[in-house]
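Contents: one structure, followed by commentary.
We just call them A, B, C and D in the order they show up, numbering each chain from 1.
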């Protein structure tokens, strides 16, 4: 009998540091840099340090549907540093890909329906003909989604700084270059175009080739199959088993790491994600595997609660 | 003392008829044609008739956040008729425009934050400079939103069939023609570009010039001000006091009257919205007024519950 | 010895009728509906009838570079009918495809250089990565262009009324449907993206399946190879040997059949293209053939003179 | 009697240096960095130095219609430096703005017609309603064009690096920021949308605020009015009287300073434009003036010959 869940776990020691210079008369920030709490993602030793004594107090908010954790604050002019650290235990739900079906539209949970509609950066409505021609005749299930993921991976080239904040799935389809966010948007748009719910997930990267740059935030894809959200990494740059999940949403418009209102200069974020290995308690290093992975509890269709 | 809520009410007798020809092997539909139940919108004599004996039974679903009422069904090949009728009593919340402030970003209810982000048809992220130049220096409050509404109304010309299902706020800004949906998308995008939450509302029209065509579905705008969602009609074609509200969402992608999966031919919908007058119980005909109108209960920031 | 030019000729009897209703105070028209005079396209019995006695006289103008023939006139309010008839003898230059090379950039005639630049409807600059990935490794020459033509033909579906006057190669690449004009724009953009000069040609259709509608104007592609412009029909709907050429340009912006300035209602054009067969003098019906066809005199790189 | 042409002349000492690193196996270049020869622009002491001994010899080519001077060459791998120097005497044609009419469409020279059609970066076809609403009712003539120029100047903000090589008039209209090239594209598109021929001109800047950066190439606009092409600078950053003209075309796609085919790294161009003053022979420094300026010979409608 196969019980992968019982035996494989990973642990990530995570640190995030953000630095800003705030202009007068101050600025509002909404951060989504806290690791999500899900049945597969357990947090300990969580710590947040802000360099300013803020007035009013920062507000923390967890969205009841998505589980996304937001921090909202008003910063005074001057330097603002945000330091976040957490130890994350990951215990992925794992399945055999060939056993995972698509969910017929008439059986999709109502809360999931929104993820087949087009969104700012995933204009699925314009891709119906293309997606049907390329993927319409494939057998339904996880492997069709894997085919979409592979199509995106092979048609788009990873190139740092090749896109900007207004780049969408349409732009990536035309220009064929992008970063992880662009791969994710195109894969999401194509899934939705064949009526498979797909959403945008953010978090931290793990295992990427250092030639691509230092550890960074990461954008990837979750697709609703067989009653649960499974993770996909169309950029193919990393080891998905080591991703720590922050937030999920329709696309990048919903889950920016930081949304800023006011005059602010930003430095590049510093992200450190170190995997811990401890064979004595069954904790291994994240590694590539062909199993389907999910950090979702499944069955209800809600977004990870 | 002013107590407008206590004295003015409207009643709309509403009928909607949709007709489809479904091709083999059948099709899935998601309808959003039920009037919403809100504190300001009371329903009676509601009736839905479907021409097919459906198997499985249609599923009705009310979204707990938005209050949108969806009907999902799988239709067999052949004719499908959907007939909906309801009597709607409207009792708008009314306010003096000059008394309504904007809500500072740091005080926005968390559930409302999503309505300042860009969406499929409202690419606010590309309009920041334009919106700031045009509206950034105006006094904050209802009257600034009214200025945005007036700008859209005066810069765009209403023209039937001038846009299609992929037309967005950007297209309307460039081409300067559209239908009610396009006016709404542009107004929403401009509001969000100056950090005012705005959403897309659908329902039925009232009072439009018959020269523009028979009564039809209507798209309009709700803007979050002073702790409550207020209605705006940037197309200026109708009498907002007579609108019956069906659904609200980010934009048209969220609240289509009918989302269809499969081979289906549609006829134009038939909509009849007749206002009832009964002075004896204080029910008057909808009319244009300069008060701010809301069908929202306010204070909580949720979408109408 | 192979002398195809000496032995195969075609003859097309062509009639075009355009009908307009001109609003006050009149309107300006620029027509490009005259068959071009080229070494391969000989005209006889040409006749133009206008229903209005025009003041000032219409101006006919032949562009010295392209050979396009324009008719410019100012019409008074009321009906305007334009009837054009001509008998066209076609004697295509024909070549064996495998013998036709591309011209290196440094040897392109200066007048041809403009046809590798992007234009209104052929945004080649955004397709460099895609075109290089798909066609960059193919052997240079006619057959690479044929591969581009086949790619467009197999990735896009012909569908009447699926596009409009602002549809461009980018839109066709995304939405994968279009009419002959859209197939042409996409093929041109892809050729230019791999540095092969390509231009838009207009004229009349021949041999299309009547199920696609009555005979009509036609848009197709000419590509500069081996010192001469060769014809391609990416829509694959017709028999290119029977096309009568009107004009050539960067894209549809340059060679509209009618450009209208003022308030005018148009009826659908009536086009009749009848092929004449007369074996006694070597005139045969146009037919599909695998030879490369050109109506260009070649060698100089000018556009057909 | 007014004879401004006889009395005001300017002299610019111009140097341009371009530096490239060419990858194997070499690359093709097309340069348009030679000052045009026009009746108003006289050249002396012209010198071109290339750092490579090129094989085959570079080809110089002057387009007979536009007068644009192109240099085409194939460079070997390694460094390539292009140094160009010239002394330019400018003697602008000057007119009183209020005396300059628009040319009715039916009287436009045929060679000018192409400049009312949309092009890659000037999608005039989508701006008809906007342009008619904003400028349709103004009196015809130079002053209407000046109003278009002023509208662009006041609605768009100059910001270095705010756009890229695929930015078009549509993008500038939406995002409201750009560099001189973007101002030019938007002004051209708006002129064409009200049927006024307009073209893109390139050359060198003069008189710009050093805070905007070192002297650079410049893009500006020429509009066909009263039988002649007049210069406009919608970016408002410079002193148009000191511009040296290189090329003209539909838009930036036609007259890039350098079009490169192959693997090449470019350094920023070095441009030195020094005005000479010599009162003894009537040569003064370029200065802002309200006269209409043209470097065109006029009357024929050809592009400056």
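Here, a residue touches a chain if its C-beta (ideal position, glycine included) is under 8 Å from a C-beta of that chain, and two chains touch if they have at least 3 such contacts.
Worth saying up front: this structure is predicted, and the values here are computed from it rather than measured.
If you take chain C and chain D together, no chain is in touch with both. Remark: chain B and chain C have CA centroids separated by 47 Å (rounded to whole angstrom). Residues of chain C in contact with two or more other chains: 126. Checking each pair of chains for touch leaves A-B, A-C, B-D, C-D.
Remark: chain D residues 28, 30, 56, 59, 61, 63, 65, 70, 72-74, 104-106, 110, 113-114, 117-120, 123, 125-126, 165-166, 195, 250, 253-254, 259, 261 touch chain C in the complex. Touching chain C in their complex are the following residues of chain A: 126-127, 129-130, 133, 155, 157, 170, 173-177.
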